[in-house]
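Alright, structures below, take your time with them.
Note that chain A is present in both complexes that follow, paired respectively with chain B and with chain C.
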Partner chain A sequence: MTQHLVPPRLVVRNLSTSFPTEDGLVRSVADVSFTIQPGKTSALVGESGSGKSVTSLTLMRLLPKTAQPQVSGQTRFITRAGREVDLLELSDREMRGLRGNELSMIFQEPMTSLNPVFTVGEQIAESVRLHKGLDRRAALAHARRMLDLVEIPASAQRINEYPHQLSGGMRQRVMIALAMACDPTLLIADEPTTALDVTIQAQILVLMRRLQAETGMSILFITHNLGVVAHHADDVVVMYAGRVVERAPVRPLFAAPEHPYTQGLLACLPGKAHAAGAPKPKRLFAIRGQVSSPLSPPPGCAFEPRCDQAIPLCQQAMPALIDTGPSRQARCVHVPPMAVPQAA
Partner chain B sequence: MQLPRIVRQLMHRRIVMVSAIVLLVIAVLAIGAPWFASADPNDTAVLERLKGPSAAHLMGTDELGRDMYARIVHGARYSLAIAALTALGSVIAGTILGLVAGFFRRLDAPLMRVVDAMMAFPDILLAIALVAILGPSLLNVVLALVLVYTPRVARVVRASTLVVRELLFVEAVRALGVRTSRILWRHILPNLMSPILVQVSFIFAYAILAEAGLSFLGVGVPPEIPTWGTMVAGSQQYAHQAFWVLLFPGLAIIFTALSLQLLGDGVRDLLDPKLKKTM
Partner chain C sequence: MQAASASSSAATAPAAVQSAAAERPLIEVRHLKRYFGTNDKPVRAVDDVSFAIRTGETLGLVGESGSGKSTIGRTVLRLIEPTDGQVLYRGEDIGALSAERMRRLRSKLQIIFQDPYASLNPKMRISAILGEALSTHGLAKGPGERDRRIAELLETVGLRAEHASRFPHEFSGGQRQRIGVARALAVEPEFIVADEPLSALDVSIQSQVINLLADLRERLSLTMLFISHDLDVVEYLCDRVVVLYLGRVMEVAPTAQLFERPLHPYTQALLAASPKPDPLIENEAVPLKGDIPSPMAPPSGCVFRTRCPHAIEACSQAVPTLDEESPGRFTACIRKDLLTAIAP
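Take a look at the complex of A and B:
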């Protein structure tokens, strides 16, 4: 396969993040592995509390130290210059040099992600001055170009405005401009459109795609919106209770989800069952129950208590994440392993 | 900056405007004291002692025949300077303390317990004790008052820091690779300006009263330096025969402190969105 000839931008292997709490150790992210190809978008999908955001914050090393996170696993990130680094092993200083420069992040809440007392131009300029060493004038000129790039009209005027003078969609554009200011190689977008109107969501997504095509950056897209995933992702990683339950390229995943959780998520989409030829349902499908407490995980498969296809075997042990096809993996006892034996 | 809008809004409020004008007049008098009061404030004339207000002595003379008007105008320099230095010193020290305590959670408890301990003492008592230890001089009065008011600022700044540090933009700038010290000074501190500004005006007012109180009790500024406090202290026993020796310095203290307090209230009301609706 040709895509394996290019080394992936980021490889994450067996990433685990735990937090000590008064009631014991909570494993928010357990044994997560995935890869992101250069210029491609990988989506991290899952419901609230499935560990998506903790995964991204672990990669950015932005977890609060006071939470005493315990992180294990390896990552291999290839920088612009072609250097291979492990994000988890870098010194704080080296990591600071990467953040905003090679690795950028867009947050969910554009309303509070900007500093209210500085103009948007100053905020974009700060990042450029920090990483590219530009002087104030050059940095502000660059900030203006960035505002043009994210299609903010009247950038010359907007650059001197404060965040409260901008609408939510505008602010998210500014956040993208801020994240893109140093031309990052990997953009982590943590639910970047969740807080926006649907029409604005679409605009922001189109914008992100255009910027990706222009700059060739990789995107780690964190979302629970499967519609967005279908349109904008190349690979999908479905997480449940801190674990990867299914990994697949986007088309095969939507065509034939293998894990019962993924199947359930897709069935929750309005119109999905109808399109499949079934009679139009009166009610939307919902996965019953709720995510089990991370403090007392079920003994076997984490999804077993909510799974319609559960069998006694599911309660005994957590199934392994097995290869089920070319670049596909799933974690379920029902899914047969890949038929083709390993090549000699 | 949003300053012009705030200034415009302040103009609309009469009390704030009056306070500001009173303060402006006092400040101009203090700065231009030699021009506004040509008489030497320390020039004694025993024959002229305890004379009532007249054309020669606008506010009368005190027990040593010194011109009261000259003393009040020149005293304003000292009183305001002491208050200004106190406000400045305690705001700088309190801001650093509060910012550090609010941002670094490990330092929070130890720093704040010290602050609590200092706040457990009544203000004036602590100031008296400190001046008694340091010895009475202009600088030591300022030093003592700074120590007294620093904990107040530290508390307010810490509380505001706790709020601001949780805002998403702090995480966002961290994600841009900004170092902690820069986040603290460049990103969090500017967001604390309104509570700090309010504290400045209040401490200014408290310091004027406290200096007067200390001087009145004889532990403040040495009596030869004309401050409003030393004037009240020196003349109190003559009040029954010459009311003006107490009245004018007293009025100066009251007007200045009251104006500062009202101005501070006005600024706080405007800057605190929670109070805005109740106005």
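Take a look at the complex of A and C:
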């Protein structure tokens, strides 16, 4: 429909983040590109060490200086006022003006991301005082409204409580209230439900979806849980060993994954192994081996040592991420490009 | 206590599922209770739980955090002593055994832990980790025999004999979990408690370990208590399932029946809350309200009633009994009217 006319909220192009270590340079994120549409959810999927969290922390400019990250690439973020900025080029001061305001983030472990010595009300109030210039009283009133927004019962009492007095699910609601306090245009959620029980996870996901519908914010949802992705993402970016191996809208991705890694990832899920009523297969599909060390990546495709479809060509060079269909991309020598201008 | 009383009066119900009728269960848990903390306000981690595991069967124990899964797993192996109730192994109360007899029995009863990083001694080589189990139970005579057995064990779990000289840090998470499995198998057990053996592993590695467990179970005819919060894995791997909530049994059923038609409102909510990795499956279920209550102050009557969408006044009056609704299917809910309402 008219979707193509709306400029994306965030465009990330060729983002790379490397860290110097005693054993050499580790490229945690390599040549990552994706876009996030306004009001939509893009999921960043991958296993541990795939570079999901480093990608988000690079975008938020939250990597510790002591790690001496080497970042390259461009981003284009459209602010609330319609201004185009490159998050990687902004001064520290300008970035502070955006963080917690237009861009906010929620983390996996709410207990370690909330300050244990301040009440939840004070913590939420701080961000609106800072970014919106509200006075103390107005900021606390706003904090109270935020707690109501995230459906925390008895907000008048909870506002004066400390994080340790809340359950895990409540703390994650407080984190969301904090992130939503300044009405962000982009919310980065890094495994926001991984530490929660499934019935609590379901509550938080419904809440996030409701808030998105009400505010029109975009969400970058980082997760390894493909069940959550299937139901809560519009677009999916699959990462392997620091690189994007496939990008697609959620339904086409689950219906017909193009990259052998995505295919393997979906095939090895016990919940996907058999349709309802069908007998269980004797064995689950398994991706053999394990991720190679980032210090000694294979010469060609990073997935080649574990890939059942590998051919000698795969060892020669890292395949490019090519367009394979409308809003679909994949990084594999076996996947044909979208149009047919040339035969391989 | 009453050690010799377990005779042919046997289990709860004459296991109606065909042949199993006269068979004595390998493990039987009777009215197990485990309270922690002070006597006036104990944490009721496990509160009157009973179930039986037949020889060769894999029983799944599912529930959210605080449901008592791990405590049951450890009490069954007498790694912690029960507050009340019994665990019978081949009809014998293991709580009444002398320390010496218990030590000898331990080779029959083994456990695989959740965290493969924390459960292997970092200062011991793999040969020493596996060798310790062998020598403790006098299972290998002489160093030659011992080394042969270690090599054999490593190969059983898909590792190589030369791995024996390495330290745990030289292995990936999936490989360490294989070593954990090898250690449990070293003493030729009949029964294994697998306490969330997959939850520390990445998805692509999980399916490798699931296949390994399924293979070994068949080859060595193991009986297993499989503790997990991942319902997809339980559905794939288990024959029957016990659903726990706040230290109590909500429902017991053969796996296929449980997933096809859960009877207890909690099981229904639990299944609805775990997202299936398929975007085409619509999930419009309303998530459960509220948090899991504190096990220090569990609700009166049915512990689930504070979150149950079907709770009525009577639910707070008495603890519901675990009734057999159809052969092999047990549920602890007084709303029998719901059962007929949803019956096919």
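In this section, the second predicted complex is superposed on the first by the 328 of 344 C-alpha atoms of A that agree within 3 Å, B and C clash if a C-alpha of one lies under 4 Å from a C-alpha of the other, contacts with A are read in each partner's own complex, and residues count from 1 in each chain.
What we mean here is this: a contact is a pair of C-beta atoms (placed from the backbone, for glycine too) under 8 Å apart; a residue touches a chain by one contact, two chains touch by 3 or more.
Because the structure is a prediction, the values reported are computed rather than measured.
Partners chain B and chain C, once the complexes are superposed on chain A, both fit on it without clashing. Comparing chain B with chain C, more residues of chain A are touched by C. With both structures placed on the common chain, the touch criterion links A:Val206 to chain C but leaves chain B unconnected.
Of the two partner chains, neither chain B nor chain C is touched by A:Leu134. With chain A used for the fit, chain A forms the apex of an angle whose arms reach the C-alpha centres of chain B and chain C; rounded to a multiple of 10, it measures 80°. Once the two complexes are overlaid on the shared chain, A:Val11 sits clear of chain B and of chain C alike.
By the touch criterion stated above, A:Asn115 is placed in contact with chain B alone, chain C being left untouched.
After overlaying the two complexes on the shared chain, residue contacts for A:Val85 are found with neither chain B nor chain C.
Superposition on the common chain A brings chain B within a closest Cα-Cα distance of 13 Å of chain C. On the chain A side of its complex with chain B, the touching residues are 60, 62, 66, 96-101, 104-105, 107, 109, 112-118, 126-127, 130-131, 162, 175, 178-179. On the side of chain C, the complex with chain A involves touching residues 64-65, 172, 174-175, 202-208, 210-211, 214, 229, 231-233, 235-237, 260, 269-270, 272-281, 283, 285, 287-289, 291-292, 307. Listed in rising order, the residues of chain A touching chain C in the complex are 47-48, 167, 169-170, 197-203, 205-206, 224-232, 250-251, 254-255, 264-266, 268-273, 276, 280, 283-288, 290.
By the touch rule above, chain B contacts chain A in their complex via residues 2, 105, 167-169, 171-179, 186-187, 190-191, 193.
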